[in-house]
Amino acid sequence: MNNFLEIKNLSIAFPGNHLVNTLNNFNLKLEKNGSLGIVGESGSGKTLSMLALTRLLPKQAIVSSGSIDFLNHNLSEIDNLNFYRNFSGKKISMIFQEPMTALNPVYTIGRQLMHTYMYHNKVGKKEAHHKSLEMLSSVKLSDNLERMKQYPHQLSGGQRQRVMIAMALINNPSLLIADEPTTALDVTVQKEIINLIQELKEKFGMALIFISHDLGVVSQVSKNIIVMKRGDIIETGKTYNVLNKPKKLYTKTLISCLKNLNTKRKKNQRQKNNKIIEVKNLSKIYKLPSKLFSAKKIINAVNDINFSVYEGETLSIIGESGSGKSTVAKMLNGLLTPDRGEILISNKDVNKLDTNERAEMIQPVFQDPYSTLNPNHTIGYIIARPLILNKPFLFDELRNLVLKTMDLVGLDKGFYYRFPNQLSGGQRQRVAIARAIILEPKILICDEPTSSLDVTIQEQILQLLKNLKQKLGITIILISHDISVVKYLSERILVMLDGEIVETGDTISTLQNPKKEYTKKLMSAVYEI
Amino acid sequence: MIFELIAKRLYPQAFSNNLSELEPKHIFLRKSINHLGFKFGLTMLLIIVFLGIFGPYIIGISPYEQDLTKRLLPPIWVEGGNWEHIFGTDGNGRDYLARILYGTRISLTIGFGAAFVGMIIGITLGILAGYFGGWVDQLVNYLLTCQLALPGLLLAMTVVFLIGPSITVVILVIGVLHWTLFLVVSRSATQRIRNLDYVLAANAIGASKYQIIFSDIIPNILNQIIVIFTLEVGIAILSEASLSFLGVGIQPPTPSWGLLIAEGREALFFQPWLIILPGIALFLLVVSINMLGDGLRDITDPNSKIEIQSKVEMPLSNLKKNINSKKN
Amino acid sequence: MLRFIAGRLIVVIAVAITLSFITFFLLNYAIDPAQAVAGEEALFEEIEQVRIQYGFDRPILERYFEWASGVMRGNFGESYYWNKSVYLLVLERAPETITLALMSVSVTIIIAIPLGILAALNPNSIIDRFALGIAVAAQAVPNFWLGLLMIILFALTFPIFPVSGDKTYFHFVLPAIVLGASSVPPVMRLMRTGLLDVVDSDYIRTARSNGFYGWNLTINHSMRNAVLPVVSVLAVQLGHKFGGSVITESVFAINGLGRLALESILGTDIPTVQILVFIFAFMFLIFNLFADILNAYLDPRLRK
Amino acid sequence: MRIFKIFILTILLFSFSPYQAFADKSDDTLVIAFSREITNLDYHYGTKTEYLILGDMIDDSLFYVENENLTYAPSLASDFNVVDDVTLDVNLRQGVKFHDGSEMTSDDVVYTYNFIVTNEKNRRHKKLVSWLKSIEKTGKYSVRFNLNSPYANLFNDLYRIKIRKNGIMGTDGNWDDNAQATSLNGLGPYKVVSFDPGVEVVLERNENYFGGPKGNPAIKNLIIRSIPDMGTQQAELMSGGIHWMYNVKKDVGEAMAKTGKADYQIGPSLRIGFLVLDAGGYSGEGNPITKLDVRRAMNHAINRESIAKNLIGGPAKAIHTACNPVVFGCFQDVMKYDYNPEKAKSLLASAGYPNGFDLDLWSYRDKEAAQAMADDLGKVGIKINLRHGKLAGLNKARKERQIRAYFGTWGSSASPDTATISNIHWRDPNKGDRNLSGDPKVNELMLGAEQTLDIDERKILYAEGLKLIAEQAYWVPLWSYSEGVLSSKDINFKQDADGYPRIWNITWN
């Protein structure tokens, strides 16, 4: 009972799963002002344990065993009313992943902050207003009087997350739980938010539990670490010890995956191959339709860019969301028509290509494994469809070709008659790759092919892409915001910001010695172990 | 229970315990078995359809046979009723049970017919607008606004004036007035799907617009369309009843329920069964169709929270202390 | 903002014109206007005389433009059937319809909103089932049937309300319930699913993590978000109700626009029907626009 | 939130607003219901029976049809003198006052008739006085009518024209049609207190009424409400909201009487039902209806007695003539077709239709009877496709010559004379679309009877005409209707022989 926070043997189950616990014998100890990181892939139960602590578990969840001691209270003996009044928001605060949706869109920032303060402290509006302003400045927001009158949608993602932090800290909690607070933010903003959290932790003297899927980030923030997988704690201990002397296989794989991705590779010798793609003065403008109260908006998604891709190389286009990289990818694929400029693939304008001709030339792999496959088609049909459409007279050979390709991407034959919903994310992404390569195209455009996947799966998919490139000699254009993925796979990179190319060059040298301010910022935001 | 047994017999593989191995239709089956409203609606609808098809043959009385000396006989549960005419007779001495049973066919024909007409119009426009966007979308939107602003009943009356009433005309008129929901749903679904990666992928592998529409879009909006379809069947049945009630729908002596209610309206207080019986029939049919539709919506909604598992198999002893926070 | 409203108004007018054009054609083909004026006992020569005198022998397009320019100048024409200017006729009948519309929407609000809230706060409870039952039933009950049952029940068996008429507001209670009942299902469902979505939303999780619970959570943090779509649907429903309810008004002998429309159609009174279709369409469109503006006003995300 | 508060407040306000107490015997107020709307107080601008009833209460005319023997009696006229076939002198009652207190003189009568004749807009009434050549004032209380030609139904038309006060409708060339539409300065036994178009008319007894054939009403206040739904009317009657309603079907009336809440009277009506057959082949030459045997077969096929007795009830009877047997000139000794399906079948066979044929039968009222007839015709092989709809649809189809047979009814507007039905239905086919006989002789006989004042000559012409119609089976005369009235136990209402409700005769019980 001397601990600040101790969770013992916490197990949580959901009905309908034959009592398979989604969280199994979870234990945790945290001292006052301490810091703890919980790492795990999606479904590992890392968030669930904290939701149980803050009593935010989904309704159908059943806590089947366990006890929680916090500040010398046995929380299981405290009824909900008491808990809401005296603990949540007051002693324990939580910040969440999605700053876009975590603030109420119909109330001003000021109202939300003030309400939270007034609710736990019997104070007047004036004082609450004053306190809110103070909190906003402590999370380093400016123009705070104006800010108070603004609505969440008027702020950027980083600003919203700051407001969330201000709201969480407004009642001086002794424990802050941060659930993936930076995952949804741009790389450059991530760093700022993490620094802010660390700074405020010291300033307010509170304990911090930091939940993340990113081992790098967690190792940066917390002294202790818990590694979780499928509801079980795999390993726990001091961060340094766990990282350097992992005891369990899973932790080892996790670390090696990260390290693999980050291995410093030798500078590639550029083979002087032919230009396979030439992009000239490419521009794309989006016109957002005028809505009530707002006039038409014009966005220069891609602004007059030029670049070339050589046969057999892997080129990465890197940039944050909104930089125009996906627009470029879609235009390369002919899925969007450029407003100006042209794209030549093997000296032919991609928009003037016959669709079948184009299909045999260039194929895409998309980000989201859940929407990339038509849920009504079987895997076999999905992979065979490019052949059916482009080479209609294959008949018997068709099945063999499909099976061969499935084998190539590491899919079991048994999946032939399955439906997408029966597959895991990684398997779906393999199907998507199989569909893309079955026509043996010259170019593969991978738009964030791994960013929705867990780290271990991510590594496997990247490995697959690498192998395919070697076996088939395919040219790959990789779109990503993740420096480590880029480093792992590509020979050349192209940094984009606001629709323009900021920097381009050889991967290793560019990343090691970035010339432009923006590239530097990007690089500094990467956490390494 | 019966549902479960039949389903288990037909699709044993749907009851595998490994949930990740279920095909889409198996998931549908598992979910529907756990949806009480859906089962109830389906059962009731099947019974009503059965009665509509075979009922008139079972009782063996023609709904058109008149006997003016046996007018307005009360039903069996009212004093003076007899077994010869279980639901009594109407103002022309026709057997009311036979007329109500036969009316099922009229309601179903018109309900399904009109909803079908509406569906064809609605999804054609909806897919065109959703897929092509731009001026096509704007044109369709204009049509939609026109249709929504149209005082349907008045127009239906005028049109029936113009052409004269018959079952076909009523089906067409109701169908032409009820396509907006199909349009709105299929358009927004198409808009959503056309930007999904698998449509882009289909585009990239060389599928033509029409192949994409028929192979990628229509099968994936079908779930929502079926839901709307069932709800529209209910609406169409009620519209027919309203039109017939106002005297511009189905022609006598065809026994439409709306017409029966209209005919019994004057005797409301003294022969109340004349309006209550067809009213209940109408109510039951529409309720069963609506429950079926609501159930389908719940079952096919990917975000629905219906359990796939039949029962929560949780020994109570395992429930130690529940510190789960309950909302409020 | 102004540009948007102006744009929408242009659509409103265009749609209203299209519809009036369609109805003008339909009515003039469905009914011989000359015969309608001359009366059913008229001799052929009289009908022909009327045709020439009233100009019904001119091409239909010409007559449409004459009618439309009349309406534009505020001249709604003369009703043959009611022997009166259509303008006065509509003016006379509108108050009853407006009262009925307002009261029926009030009934919808009183029934649907609390029920929807209670159902959403207690999903799968008895009250949720009850609310769902009401929605399913209200959706399946034909209006005319409900009206007759209401009269039997609340005016005869338990003589609480008058049977028919539109003398006092009391007379409007039963018809308002009948008419309001038809919009209960959509409004209640919307309220319920809206609130359910809100309860499941991230920002409510934030509020709960800050210690808010119970009614405080519902009223101060959830209601406004959930009510937004309901308000615009209610505005649309109100627009619908202003179009008058042909059946309810007839059953309860309320002398509103709906009953006027029905009797004018039966009396083949083209000018009145024509104007009424125009007004109903216009009302619907204006209220839709109003709903959009209201929604934008209430929802800060749509504001500038 | 504010919006809800406002809504709830309005609701509360509404529910507390006073709710009108029922009018009844204690305040000498009678409430009656019409199912159709009164939109205009001026009888000259209305066509429905309801206007006729209202007109008799608030207006008066020179003559009036008496209920006892169905003859015309002077009302505002004190006496009259038929000078010759085309001249009529009328002396006016003296001291009769309009509701505003001014006295009625010959000026008012002359003005009224001149208004009717010259006003182009009111065709219906202009047509009613098409016989009128001129009217002249012959004294302060006497006028003379000069006729274009002898005209038989003269008194009926004089009854139809309500006397208006001199100048009240404007002057020639500047007639104001709406002058009396919403408030009326009449001569009748009741005066208008208030009028809400389409909703109700509130009347008060005219204490200065001159009596006349109508007599002075016993009840002081009278409210006429428009309630379109018959079910609603019944509910109002049972709950005491109204005292009197008419057009009540036999079944409803009898059932209501059984409850003891109201009295039901079912009496004769001048209304008859009939099928008009396209004997002239207007809808297509050589169609089955053009064959005499087919038409006769239809006459034999319909079981009129059964329908009249079972469906309509009361004094309703099968008829064999194209007019109501009780009215003037309705000659009864014509060829009669008994109910005989076998004969109908053999007639059809001999006409070349042994297996019958398909026929669209149009109708617009009395759905039950229409269905019963359709059933009867079906039994002999004529497969009926019933086109039951609104009158307007039927009118249009008839005008466009699409109709082979339709089920019509005619109420004669309370005028007991064959002329009222025949002058509409046997017009020259070039002038009207109801005469489908294709036989000029019918038109000649039936309308010729109106061109003379000689009663015997008229009778002969009608007899000839009706015989011809029956023999050629141009129509299927069906039955005379009956008029059902429900009256509250509080009042005393007696139904008259012509079925026309004379509201002003009602007394309290």
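Per-chain residue numbering starts at 1, and chain names A, B, C and D are given in the order in which the chains are listed.
Keep in mind that, in the parts below, contacts are C-beta pairs under 8 Å (C-beta built on N, C-alpha and C of every residue); 3 or more make two chains touch, one makes a residue touch a chain.
Owing to the predicted nature of the structure, the values given are computational and were not obtained by experimental measurement.
Asker: Quick check for the class: compute each chain's Cα centroid; which one is farthest from the centroid of chain D?
Answerer: The chain farthest from chain D, judged by C-alpha centres, is A.
Asker: What chain is most central when centres are computed from CA atoms?
Answerer: Going by the distance between chain centres and the overall C-alpha centre, it is C.
Asker: If you average the CA atoms of chain A and of chain B, how far apart do the two points sit, in angstrom?
Answerer: The computed centroid separation for chain A versus chain B comes out at 43 Å.
Asker: With chain centres taken as the means of their Cα atoms, state the distance from chain B to chain C in Å.
Answerer: Chain centroid spacing, chain B to chain C, equals 24 Å.
Asker: Can you check how far apart chain A and chain C are, centre to centre, with Cα atoms defining each centre and the answer in Å?
Answerer: Chain centres of chain A and chain C, defined by C-alpha means, are spaced 49 Å apart.
Asker: So which stretches of chain C touch two or more other chains?
Answerer: Residues 30-31, 148, 152, 156, 208, 213.
Asker: Quick check on chain A: which residues sit in contact with 2+ other chains?
Answerer: 54-56, 80
Asker: Multi-chain contacts only, two chains or more: what residues does chain B have there?
Answerer: In chain B, the residues touching two or more other chains are 161, 265, 268-269, 325, 327.
Asker: If we use the touch criterion from the header, which chain pairs count as touching?
Answerer: Contact pairs between chains: A-B, A-C, B-C, B-D, C-D.
Asker: Can you check the complex and tell me which residues of chain B touch chain A?
Answerer: 17, 20-24, 27, 196-198, 200-208, 211, 215-216, 219-220, 305, 307-309, 312-315, 318-327
Asker: Taking the touch rule as given, give the residues of chain C at its contact with chain A in the complex, in rising order.
Answerer: For this pair, the touching residues of chain C are 1, 3-4, 201-203, 205-213, 216, 220-221, 224-225, 228, 292-293, 296, 298-304.
Asker: Quick check on the complex: what are the chain A residues that touch chain C?
Answerer: The contact residues of chain A facing chain C are 54-56, 80-81, 84-85, 87-90, 93-94, 96, 98, 101-108, 115-116, 119-120, 151, 153, 164, 167-168, 171, 290-295.
Asker: Which residues of chain C touch chain B in their complex?
Answerer: Residues in contact with chain B: 11, 14-16, 18-19, 23, 26-27, 29-31, 121, 132, 136-137, 139-145, 148-149, 152, 156, 199, 208, 213-215, 217-218, 243, 246-247, 261-262, 265, 273, 276-277, 280-282, 284-285, 288.
Asker: Okay, in this complex, where on chain D does chain C touch?
Answerer: Going by the criterion above, the answer is residues 1, 3-4, 7-8, 10-11, 13-15, 17-20, 37, 39-40, 45, 47, 123-124, 127, 177-178, 181, 196-199, 225-229, 231-232, 235-236, 238-239, 241, 390-392, 395-396, 399, 424, 427, 430-433.
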